[in-house]
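Look for chain A in each of the two complexes below; its partner is chain B in the first and chain C in the second.
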Partner chain A sequence: MQFLFSDSGIGGLLGALGIDWKTLTLNILAFLVVVWVMGKFVYPALMKALDGKLAELDETTKARKAAEQQLAKAEESAAQIIAEARTAAEQLVAEARDDASALAKDTERKAQAQAERIVAEAREQLAQEVLTARHELGQETARLVAEAAETILQEKLDGNRDAELIARALEGHK
Partner chain B sequence: MMSFLLASDGPHVSLVAEPIFQIGPLQIRNSMLLGLLGTALMLWLFFYTVQRARQRRHNRLSIAILWGFETLLGTVEEVMGSREQARRVAPLSLTIFFLVLINNWLELLPFVGPVTWHGEPLLRGLASDLSFTAALAIITMVTAQIWAIRTHGFFGNLGRYFANPFTQPMHAFEGFLELIAEFSRLIALAMRLFGNIFGGEVLLAVMGFITSWAAPLALPPFMLLELFVGAVQAYVFFMLATVFVALGAAPHEIEEVSELNELPAPAQSVAKQAGS
Partner chain C sequence: MATRTQVADYVATKLSAGRSTAVREAAAWLVATGRARQAPYLARDVAKALSEQGYVYARITTARPLSDETRRQIEAFLRHITGATQLELDTQVDAQLIGGLRLETPTAELDATVRRKLAQLVEGVQV
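And then the complex of A and B:
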C-alpha cells in the first residue's frame, strides 16, 4: 500500500486530503481498541441488563396472564356457585312452599276434623243432657203428679199403691 | 471555531487536520485530541451506565443511554435478521454510532477552534479528518468481507466477484461491477461523513465571519442544524456499516435488489441511498 501514499498520483491526492498510512493505521488501531473495550466490558453488561429487563417483562406478562386466567376461573367458579346456590335456593323455596301448602292443608283438615269431632261430641253431650233432662223431668213430673194425687186423694201413696193406681189408669186408657 | 471573529484575513479553513505534536514517527493531529476527549467521554458515559445498570439504580442519563443502546441494538437485529449475529456485529456498528455522534456534537463546543497551539487550532472535529472516516470505512468493509468469508467460505466469497467470463459472462460482469461497488462503497462511506462534518465546520466558520459581531445571534440556528446533521450522519454511517455487513452475509446467488428487499424498510432506504 506504500504506493498509495507516495507524493505523486493517488498518493499526492490522499496526502492533500490528509491521509497518510501512519495516521490511518493509528486511527484504525485506536478505533479497534475502543471497539474491543466496548465489546468486552460495556456491551455485554448492557445486553445482560436488557435481557434481564426482557426476562422480567416476560415474567410479568406470564404472571399477568396467569392472574387473568385465575380470575377468569374464579369468576366462572363464582358464577357456577351462584347459579347452583340460586337453583338450590329456588328448590328450597319451592319445597318450603309445598311443605307450607301441605302443612296448611293438613292443619285445615285436622282443624276441620277436630271441629267436626267437637260438634259431634257437643251434639252427643247435648243429646245426653236432653235425655237426662227428660228423665229428670219425667221423674219430677211423676213426683209432682204423685204429690198432686196425694193432695187430691188424701192418702199417702206408697210404692205399691202408686203402682196399683198406675196400672188401673193404664187399663182405663185401654 | 470563532477565533476568526478577531481576524481580518477571513475564517480559518483547512481541509487537512493540523499536526500538533509528534510521538516518534506518529503525528498527533488536533482531530485526534478531540477524538481522544470524545472517546474518553463515551467510555465514561457507558461505564457509568453499566454501573447504574448493575446497581439497578437508573437516572435520566443512564436511561437515555440505555434507551439509545436498546433502540440501535434492535435496529441491528432487524437488519441482520438474527439475534446472535446482531450481537456479534453490534460492538462495531454501535461504537461507530456513539463515537461519531459524540465527536460530531463535541466539535460544536465554543472552545473547539479558538484555542490554538503554535498558531494552529488545538482541537478539531474528529470526523472532519478524512484519516478517521477512511479508517472507519476500511474497518467496516474489511468486517463485511470477513463476515462474508465466514458465511460463504473464502472461495465462495471470491465467487461473488470472479467468474469464468466464457461460461458465465453475465456473472463475470456482475462480479466486476460488484468489485467496483465495494471500493465505491468504501470511498462513499469515508467521503460522506467527512464531507458533511467538514462542510458543517466551514459553514459555521463562514457564517461566523460574515455575521461578525452578530455571530452569537446568527450562529445558534446553524449550530442546531449541525447538531441534527451530526446525529443523522452518525446514524447513516451506523446503518450503512450494518447493512454492508448484512449484505456480505446474504446469499450471493440472489440478486442485490432482492437482497435489499429482504432488509427492513429503513435499511433499504439507506442502502439504496448509499448505492445511488
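And then the complex of A and C:
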C-alpha cells in the first residue's frame, strides 16, 4: 500500500494523471456501498419484479397460445358444422325438389283423370239427352199422327164404314 | 145377417116381379146395415146374379146411332158370349169415339173404338 502511494509508484502515476487516491478510494468505497445496497435491496426487488413480469408474460403467452389453439379448434369445428349443414341443406333441397316433381306429376295425373271423367260424364249425359229427345220426338210424332188420323177419320168414316168396323170388332172377339 | 151376395140374389129374383120394389128393398137394406157406400157393388152383384139367370144388361156406346142391323149383330154377339136369354141394351152416342163401339156388361168390357186404337198407337211409342 505504501508502495502504491509513494511518489515513485502508482501514486505518482495517479498524481500525474490528476487522480486523488483518497478520493478514488472513497469513490470506490461508495461504489461498493452502492453496489452492496443495490445488490441487497434494489436488485432483488428489481429482479423479483422482473421475474414477476416474466412470469406474467409467460402466463400471457401460454394463455394466448391456448386461446389460439381453442380458436383454431373452434374454427375447425365451425367449418365442420357449416359443411355438415350445407350437405344437409343440399340434401333437403334435393328431396324437396323430388317431392315437388312427384307432386306435380301426381297433380297432373289426377287432373287428367278428372278431365277424362268429366268428358265421359258429359258424353253419357249427352247420349241420355239425345235418347230423351228422340223419345219425346217419337211421342210427339205419334200424338200428331193420332190427331191427324182422328181428324181424317172423323171426316172419312161414314155410317157404313163404321158399321163394318163394328162388325169386324165383334167378329174378332167371338 | 144376410150377405151382400144373398141380397143380390134376392133382388135379382124380385126384379122380374117389380123393379121399383126390388130396388127400394135393396136400398133399405143398404141403409139399415150402414152399407150405403156399397151400393155400386151391390148393383154389380145383382147384375151378375141376373146374368147367371140368363138376363144380361149391357151399355153400348157408339159414335153414331146404331142401325137395326148393327144392333142385331151386337145382340147376337152378346148372346153368344154370355149365353143370355134376355138382353137389356142401353145405347149411348158419343161422337168423340170417332168410330167402333164400347160394350160394357156387369162382368166385362170391350173397347173397340177408334179413339182407343189411336190411344194405343201413342202408348205404343211411349213404352
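Quick notes on this one:
Assume the second predicted complex is superposed on the first by the 118 of 174 C-alpha atoms of A that agree within 3 Å, B and C clash if a C-alpha of one lies under 4 Å from a C-alpha of the other, contacts with A are read in each partner's own complex, and residues count from 1 in each chain.
The rule we apply is simple: contacts are C-beta pairs under 8 Å (C-beta built on N, C-alpha and C of every residue); 3 or more make two chains touch, one makes a residue touch a chain.
The model shown is predicted, which means the values in this text are computed figures rather than measured ones.
Applying the stated contact rule after C-alpha superposition, one finds that A:R143 touches chain C and leaves chain B untouched. Touch criterion met: A:V34 reaches chain B, while chain C stays clear of it. When the shared chain is aligned, no partner comes close enough to touch A:V93: not chain B, not chain C. In the superposition on chain A, A:D20 makes contact with chain B only, while chain C stays out of contact range. Looking at the shared chain after the overlay, A:A45 reaches chain B, while chain C stays out of its contact range. By the touch criterion stated above, A:I81 is placed in contact with neither chain B nor chain C. Residue ranges of chain B in contact with chain A, taken from their complex: 15-17, 25-27, 29, 32, 35, 39, 42-43, 46-47, 49-50, 53-54, 66, 69-70, 73, 87, 90-92, 94-95, 99, 129-132, 134-136, 138-139. Residues 138-139, 141-143, 145-146, 149-150, 153-154, 157, 159, 161-163, 165-167, 169-170, 172-174 of chain A are the ones touching chain C in the complex. Against chain A, in their complex, chain C makes its touches with residues 62-64, 67, 69-70, 73-74, 77, 80-81, 98-101, 110, 112, 114-115, 118-119, 121-122, 124-126. Considering their complex, residues 16-20, 22-24, 26-28, 30-32, 34-35, 37-39, 41-43, 45-47, 49-50 of chain A touch chain B.
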